Structure formats: C-alpha cells, structure tokens
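There are two complexes below, and they share chain A, which is joined by chain B in the first and by chain C in the second.
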Partner chain A sequence: MSRLPVRKTYKLFIGGDFPRSESGRTYEAQGQNVARGSRKDARDAVRAARSGFGKWAGMTAYNRGQVLYRIAEMMEARTAEFAELCSGRAEVEESIDRWVWYAGWADKYAQVIGSSNPVAAPYFNFTFPEPTGVVAIVAPDEPSLGGLVSRIAPVIVGGNAAVVLASETAPLAAIELSEALATADLPGGVVNILTGYRSEMAPWLAGHMDVNAIDLGGADGDAPELERLAADNVKRVVRGRIGEQSPYEIAAFLELKTVWHPIGV
Partner chain B sequence: MAKAPALPTGFELPLEPRLPRIGSVDQVAVEERAASLARRSIKKDAKIFALDLAVRMMDLTTLEGQDTPGKIAALASKAIRPDPADTSVPSVAAICVYPNLVPAAVERVRGSSVKVASVATAFPSGQAPTHLKVAEVREVVEMGADEVDMVIDRGAFLSGRYAKVYDEIVQVKEACGEAHLKVILEVSELGTYDNVRRASLLSMAAGADFIKTSTGKLPGAATLPVTLVMLEAIRDVHDETGRKVGMKPAGGIRQSKQAVQYLVQLYETLGAEWLTPDLYRLGASTLLNDVLMQIRKEKTGRYQSPDYFTVD
Partner chain C sequence: MPAGWEYAPAPESRDIVTLEERYGLFIGGELVDPRSGEYFPTLNPGTEEQLAEVAQAGPQDVDAAVGAARGAYDNGWSSISPAERAKYLFRIARILQERSREFAVLESMNGGKPIRESRDVDLPLAAAHFFYYAGWADKLEYAFPNRRPRSIGVAGQIIPWNFPLLMLAWKIAPALAAGNTVVLKPAETTPLTALLFADVVRQAELPPGVVNIITGDGRAGAELVKHEGVDKIAFTGSTEVGKAIQRELAGTGKKLTLELGGKAANIVFDDAALDQAVEGIVNGIYFNQGHVCCAGSRLLVQESIYEPLIAKLKRRLTTLRLGDPLDKNTDIGAINSKQQLDKITELVAAGEEEGAEIYQPPCRLPEKGYWFAPTVFTNVAQSYRIAQEEIFGPVLSVLTFRTPDEAVEKANNTAYGLSAGVWTEKGSRILSMAQKLQAGVIWANTFNRFDPTSPFGGFKESGFGREGGLHGLEPYLDLGESEVRGG
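Up next is the complex of A and B:
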C-alpha cells in the first residue's frame, strides 16, 4: 500500500512557537500555501520580541556569540533543504559563514564601536554601545536566504530582538530558517518571523510605538511611507545594505551611552 | 445590633437548617457559560464604550507593605486624570488603599469624583478578634474612607460557623455608617462554587453593598466562572427582594481584553442597569495602563508602548 506523505504546514514563528496566523488565512508563494499574517500577528510578534529582549540583552556577549555560532551549526545540518529554497549551495554556505562571522563579533564590537574619551576634567569618560530594543526588519526578496541572514545577524548580535517580515514572494527560506533558529538555544522571542503581504503588516510595524528601530533594507518603493510612520516615536530608521558584512551594520542598531566617572574615587 | 436587610425566603440567615435550599452550582455549565461569553468579539465603538466604562468602574489599588504617602499621591493623580495626554479619559471610581494611608488618599482626591476605599478587618487574612475588626472599620471611616473593603472570616466559614461570619459582617456594616461596604469572599480559599454561592448570599443577607471576589494577595484570584456564580447570586437576590447589590471582581485582571470579557458577562447576567460604577467595580493595579494603551490605540490607529505611560 502506498503511503500518504506528511506535508509541512508553513507557519509563522512567534515567541519560539510556530502558530498559524490568528486570521486563519494563507496565500500561495513558491508553490506552497504559506501563512498570511495579519496586523494582529505583527502585534503579537512585537510583544514576544519585547519579552525576549530583556533576557537576550542581559546575556553575556560571549554567550550571545555562542548562540549565533550554534545557529550556523543548525543551518549546516540543513544545507540541502536550504539549497532548494534559495539560489543554491553557494548562497547557503555564504549565509552560514556569515553567522559565524557575526558570532565572532559578539564580544568584540563593543571595543571597536565604544571608546574611552579624553575630557578636560578629572573624569574617566567612556562610551558604550547598548542594544536599541525591538527592531523590525523588512527583509529583501533577493537573495532569499542570504539577504535575510545578512539583515538578522547584525541586529541580534548586538542584543536586540527582531521582528522579521519575510519576503512576500519568496518566504520559504525564512520559514526554514525559523526551524534552525528554534533549535539554536536562542531564547523565545529574540527572532520572530512573519510571512504574508508586506502591505498588510509593514505599516503597522513602522507605526508601532513599541518598535524602537526599523530596517527598511527590503522595503523598496514603500520606504518613504514607512519612514513617515516611523517618525512618531522617533524610530531609528536603517536602510540596511543587503549582502553587506561589516561591524557598522551592527553599530546601526546600537545606542551609544556615555558615562563620566570621577578619577581617584 | 443592626437589623439585617430583607432577603428572599430560603436565603434568611443565619440559616443552617435552610442552607441546602440555597441550591448548588452546576460547575460544568457555569464554566461553559463563562467561556462562551468570553468569546464574544467587541470591536470599534462598542470597544471604546467598554474601555471607557472599565476606567470609570476601576478601583485603582495599591496594597503593599512598601506603600508611602508619596506613592498614594502618585496613585491619586493617576486616578483623577488617568491619561494626562487625553482629557476625554474619565477618572476612575476609587482608589483602594491600606488604613494607614487613608488620610493621605483623602487629602489627595479632595475635590474630585474619586472615592477612597480602605481595606479593613485584618486584611487580607481576617484572622483577628471581631472587636478589633470593628474598631478598625470605625477608624478608617472616621479618617474619611468612603468605602470599606472587608474580608470574611474564612476560617469560620470553612468550619461551618456561618453565624459568626454573618454576625461579623452585620457588625462591620453597622460600623461603616454611611460608608459603602464591600465584602471580600476570597474565593480561592473557599474551594467550591457551592461555597462561593453560599458565602455570596450570606454576605448579601448580612448587609453587603458589594460582594468582591478576592484580596488580590493569592494566586488564582478572580476568574470569569466564579464571578458568574456571584453575579447569579446577586440576580437571585434582586429577583426576590428587588435589592441591588454590587459586584467587584479583583485580582488577576491585567488586560483590557479580560476587562471587556467581565463587562460582557455583567451585561448578559444582570443587564444594563448594572453597567454603572455604583454597582460594579474592577479591582486592579496594572489593568489601567493596558486599558489606556488600548484607548489610545483605538484613537490613533497605532499599537502603543508602555514606554509612553506612567510607571506605577
């Protein structure tokens, strides 16, 4: 007797769980029925990110680096699956290497971006980078995996929590990535991935008062309107460069805090 | 001793021989009914109405060992003007504090519509001699409390000494004078819905103006089903005697969505007459900020952040 295949239901990734859209809707992308998230799913994702942020930002930099490295390990084991969902093996390997590269930066960016400042008074004066908070990422359509990893990694390595709006036309790599993230010791809510129509969710994320920064790297023509919506709570708006690999991509999502400490006390 | 108000036949108390006639509660049906009412979708104008009503019905509460007159001052300001950025948001019904902080509270709400409620009678345990409880009530009323939240003696109730519980409420009611009396059943210690119904009827018979679920000091405080049991007891008393007793769920109500569910249940059980702060209160401390965020979300069309609301 022939066996009925067990097919995967493509769902969202919110707070470490894999829920369907609260709206119950799906849409077709890359030949599959994918969850079509609603503004309420976006709201739930922001809530999950906010609750995951504290723990993640409070972990040691070294520990965050270990978790990022483990994401690379989890992806490595799924290389074949990922290769089918993007341009191929080369893109997968480049993405995995990118996690490793950013994992190395976890306990180093503070030394490069922070500083000890000379001041004309008897004080030590230090500048430290701190995470911005909850970051919404409008992921690019191309490359479907590489673009996603290039935008998520610099955001979370700095201790931020991310709500990622996956590519509308090519969301399957993002869904596969969420399965790697779920087994990588990443605390629930640090990365949340939404699939669906960008026009339905991006404006709600851009206008959300509890989102502290937004990466419009993949927003294309919608960017000006999203920037306007982001202005109300003075969100940090970043036009992330797709495919760029640099410590300044990390810095874009950090706040610099300066302390004055009296000398000799 | 004060004369107890009239009650339906069969509800007269102390009523050991008649207690069985109070009837028992169908647990499955009550939970099913409460759950089905909670599924109702309240949107747009109805939602704004419900949120506005929830604010007007709120007893903004702080019952901590660390409460200071400064904390009460902040709480009172918030009670009078919950959202400083939006004057259309009404004041809450009352602030609920410990006896020592009543003078500070009275001072701070003077000239506003906000009432001062004080817990009393050895809150939260109620394990003190009756004369001390009555003296405490007398004192908080003298200090200016408009409302008194007393706890029943659960130890007596659970050991079957209903008359003691009843007498104590009667005496406290007398000591209250003009002040409104809310009787806290502390439902999570009563164990069963039958006990909750019995304690509700007993409290109403003894003269409670309000019956209240919980102190908020225990986990598993107010729930929809237990509140429904109490609302139905209130309805039975109203049906037989015409007397209107108020209801106050308290403890564990933290989100606007829950508050709206409680209001739906209230409307469906007791009708529009009870949709007033005179007959229904929500006891809460953290609920207010969530309601304010929802109101602002409805008005601005943007999801809100706690960063823009006061830290209590």
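Up next is the complex of A and C:
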C-alpha cells in the first residue's frame, strides 16, 4: 500500500511568520487552497515591514549582500520544487542568478549613484543614496517566480522593506519563495508576501500613508487608480520592468541625501 | 548692540529697469497677445503700486505654447548637435551675468526680496545654473552608465514666487541641456523676470519655440498639466497642489518631478559655536522673508543652552533691518502678496491662541505694502499648527530636546522631508545625525546653501526627483530600458 503524502497548508508570510489570513478565507489556485489575504492582512504586513525596515537598513551593505546571496543558496536547494510551481527549471535558474547579481550590487550601487559635488564655495558636499522605506510591490501574474524575484531583489538590496502581492493566478511559487526567505537570515518583516485577490488588497496598499513607494510592474487595468491613490502621501510610483535587471531598478527605490559642511580650520 | 540704529537710505536705482505697460505671452519666440484676451495687474508688494499688466493664459494659449514647443522640438532642437545646444546655454549664462543688475532690481521690485539677496544670491546662482548644465548637454552618456539617454520632448514647468528667476533657471537649464523644449509658467504674482528672460532668449538667438513662457494664475498651470502634448511635468510649490498634479497625471505615463513644501528642523546641540549658530538660525528662517521651502522653521535647541541661545537670538533680531527691498541695507523685505500675508497672520494668530509665547523685535512696518515683522515663538508643542504647518514666512517655532535621539524623533515628526540643519562641533555626531534625519538636504554648521552642482529635493511629502547636479538631469531624460518615476 502506497503512503499517503502530507500536504502543505499555503499561508501568508508576514513579519517572518506564516499566518493564515485573518479573514479565515482561502481561494483555489493551481489546484490548491491558498490564503486569500484581506485588507487587514495588508495593513498588518505594512506594520511588519515598517518594523523590519530599521534593522535591515541599518545593516552593513556587505551583510545585506550576503543575505541576498544566501537567498540564492536557499533557492538552489529547492530548484526541483520551484520548477514544478512555475514555467520550469529555466525560470528558476534565472531567478537564482538574479539574486546573485543583485547580491553583488549591495555594496556598489552607492558608489555608482552617489556623488561628491564641487560647489563654488568652501564646503564639503556629497550625495549618497538611502532606502525609501516601505515599498509595496504588485507582482505580475506571469512569470510567477521570475517576475516576483525581479521586483523584490532591487527593492530590498537598497535597504527597503517590501510588502508583495503575489501572482493571483499562480501564487504557489511565491509561497515557496517565502519559505526560502525564512531560512536566509533575512530579518523578519523585510519581505512580506500576500496571496489572494489583487483588487481586495492593492488599493489599500496604494493609499496607505505608511507606504513610501509602490511598484506597479504587475498592475494592468488598475494601474491608473492605484497611481491616483498613491498621491495621498506623494508615494514614489515605479513601473518596474519585469525582465530587467539594472542598478537603475535599485535607484528607483532610493532617496538621495546631500550633506553640506563648511571647510575651515 | 543697541536697537534702533539709524542708517541713511541706500536704495539701488530703478533706472536700469524698463517696464512695458502690458506684456503678452512668449510663444514661438515672440510676445503675443493672449487669445483669452485677459490681463491682470502685477504689483510691487513693497508699495502696492502696479508695475504692469500681464496676460492670463487660457486653454487656447496653453495649446499654442505647447504646439510651439512641440514644433521646435520636432524641427531641429532634438536633432541639433549637443555641442551646439551647450553653446546656446553658455550664451544664456553669459547674458544673465551681463544683465544681472537689471534682473536683480526687477526681481526685488516684483517679488519684494531684499536687493542684497537678489543681487548676491538669486542672480549669480541663476547664471551659474545655466553655465553648469550647459556643459552637460554634450556629455550625457557619461552621466548614466550603460545607457544612451535621450530627450523626452516637451516639458511643462510650473514655478513658485519665492525665487522667480532662480527657479526658472533650475527648471529650464537641465531641460534644455537634455534636449527638450519647454513651456514654463511663472507664479501669478512674480511674472516679470520670466518675461525679461524672454528677452535673454531672444538675444541668445535660441530657435523660436524652444522656450515658451506663459503667465497666469493656477488655471493656466492646470491647463498645462493636463495638456496631452506635454511629456513631462516639473512642479515646485505647495504639497497640496503637488498631490493634485500627481493625481491628475495618474495613468498617463508622463514623467513627473515634485519639489514641495517643508518644515525643516534646525538642530542646535550644546557644544555648537553659539554665535555662528545664531547666524545660521537667522539665515535659516529670515532669508527671503522665510519664503523658502527648505527654511529652518523649527528650531530644536538642546535644553542646557536654551536660555543663552534664545537671548542671543532675540538680541540679533533687534539688528535686522526691515524695509525697502531695494535698499542695500535691508535684511527683510516685503511679504510677496496680500494672500501670503493673510496666511502668515492667520497661522501666527493660531500660534498665540494655542499657547505659544510670541516675540517680535521693535520694528516699524512701512505703511504701504505687505510686511511682517520677524517673529519667534517659544513654548511650542509639537502638535501646534506653527510646528506642523508650513508658514512660508519669517516665523520661527522653537522646541527643545535633551538627547540626540529625541532631536531625531522630533525632527522627523513631520510629513515633510526637504531639509534639516545640525549645529555641533562633534564630527561623529554630525554624521550620525545626517544619517538619521529624513531629509534630502542636510546642512551641518551652515544653512540655506545652494549650488548648481548640489542635488536638491525632498523625502516623503516634500516631493520626489532632484534638481541640481548630475542627478538633476535624470528627470529630463529617457534612459531607455526602464521607465522609472521618482528615482
């Protein structure tokens, strides 16, 4: 007699924990019952992100780079599982390599993006990037893993914390990813992943006063309304491109700070 | 120092400025009558005398200006060699230097700011801005690694009344350097130096339509924002209007940069050089009558030096000279408009009502014009309107703190994040504060310094995008592979 397999409960990822939706609801996707997050879950995720942000942003760039690299390591070990949940092995490998690519940027983008400024007066003046804060990401439906990784990596490598709406139609890769993130030394709350209906959560994130930026890379018809809501607290609105990796994707979620100091004896 | 020293008047001559009775709109290289047929008076806020009439651009006028800009973009400006583009901008910088006294006098007449500031700050910086960005025009590919930046098209630019010509320079110089054409709307109350700039454009022989200037109130700005032929909007002004613009542009894909309000903390630690700090506090809040988005309007003083510092500050206030903006000894000029004076008056009344203690030095205000005495509020709680809202006038709110952490918490307790000041002799503390303060510009042991090479812009609800420096080019370029707003 063959053994009956133990199934997984597909839950949310908030503050480093795996809660069910507070609403007690699920929906069926990819043949599984998946947590159907509510606007309350979205707000809880923003709070978790805000509390995770300080620690993450305060870590050294070298450390953040190592954590991103460890995410790649954790994914590599689960390659077979991931491959079954997205378009296949190629998408998984590309996603892992993307983490490695961004891991290497952690201690370099400040040198590319920052500047020292030769002002016409006796002042030492320099400009350096800082994370924007809490970033909401509307991930695309497809590719369910590649799209997710392409948008999360540039956001967190810069020291931001993210609240991510996973693919609505194919959320299982996102849930698998949250399990990899949970074992990658990423402080709790730095990445929070919500599954469910985008229309039930995205507007609440777009209008949330403690979210500093929103990536609408995966939004379509709802994008204009989300952009309108984002204006309530002058959010940075980014239309991240799904397939792209570049330091400009990191820069989109950074604030530039310029410091002046007199030169004298 | 005794109050009430008498100075002989030392007014700058107005002779150098020649005003028309009435100005049209600068569209396609010419001043043209507005299709709207509407004009409105523009005043000298120091005397309330009418200086001229200017046009109120209507929808058809905005359309004509955008059409002229589009035509100039398509018919040459976008394909002219970048090195030639640079030379036009160098020419503009030189002409501004040559005509700087004329511009400075007109700026003070129309805006109310002291001639010492328009002459020594606004004009040199405006010219320097054009000179700086001129050199970028043919070097853009060095600014953005791994990208081939391209111009965007027509930029719609809306500027405030506090630094009329300087804000024009901040907007037009990077836009043209990047290869765009522009339609610029100066503020309703300060159109004259922008219209005089039209003459600089003529002298520089810029192709017609590359720079268009339309005057009018907020209606003209709103028309410009929603015009379909505009590819990019750059706005400097209030957070309220900035949010409305962001909403209006939602879903259009137009690029947007916003430079909005501020409520900057100017933080003085107990080891600061107090006399220098007092000068920095005064410069931080009374420069340009406090009509400065990055003004140091909240003074945070470490408790142990509160009394000596406030005593020094009050004594310094008695030496500030308020009066004729064209007088070379004037420190504090006129409030820009009746409307702004009303707003300041209302907020100051709210401060008194909420329980703050007001101090104003003995100060005779001129009978005509719009004036407000330099004001300090002590006993201010963080919840008071004068500690939360941008007053945009010569009004300082003083709060205290004990520890650096408390200073950071209070400084960051605002929706704004444009600038901040730190005064201490301890280097490590400066860098620690600079890291923790949520603001785009940190002035350490100085305040209100500006330079074309130095990026300027806000965190949080103070807006997004930077003006100045290499970073000020990005809002006017398409970098190719990514479409990023707010980076």
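General observations
The definition used in the following text is that the second predicted complex is superposed on the first by the 259 of 265 C-alpha atoms of A that agree within 3 Å, B and C clash if a C-alpha of one lies under 4 Å from a C-alpha of the other, contacts with A are read in each partner's own complex, and residues count from 1 in each chain.
Keep this in mind: a contact is a pair of C-beta atoms (placed from the backbone, for glycine too) under 8 Å apart; a residue touches a chain by one contact, two chains touch by 3 or more.
Only a predicted model underlies this, so the values are computations on that prediction, with no experimental measurement involved.
When the two structures are aligned on the shared chain, A:Glu227 is found in touch with chain C, with no touch to chain B. By the touch criterion stated above, A:Arg89 is placed in contact with neither chain B nor chain C.
In the superposition on chain A, A:Val46 contacts chain B only, with no contact to chain C. Residue contacts after overlaying the shared chain place A:Tyr123 against chain C, while chain B stays out of touching range. In the superposition on chain A, A:Lys108 makes contact with neither chain B nor chain C. Comparing chain B with chain C, the partner in contact with more residues of chain A is C. Applying the stated contact rule after C-alpha superposition, one finds that A:Val237 touches chain C and leaves chain B untouched. By the document's definition of touching, of the two partners only chain B reaches A:Asp210; chain C does not. By the touch criterion defined above, A:Glu249 reaches chain C but does not reach chain B. In the overlay built on the shared chain, the residue A:Lys55 is in contact with neither chain B nor chain C.
Comparing the two complexes, residues 232-233 of chain A contact chain B in one case and chain C in the other.
Residue ranges of chain A in contact with chain B, taken from their complex: 43, 46, 204, 207-210, 232-233. Interface of chain A with chain C (complex): residues 112, 115, 117-121, 123, 125, 127, 130, 212-213, 223-225, 227-228, 230-241, 244, 246-249, 251-262. Those residues of chain B lying in contact with chain A across their complex are 301-308.
For chain C in complex with chain A, the touching residues are 128, 144-147, 239, 242-244, 246-247, 249-251, 258, 260, 415, 430, 434-435, 439-446, 449, 451, 453-457, 459-464, 466, 469-471, 479, 481-487.
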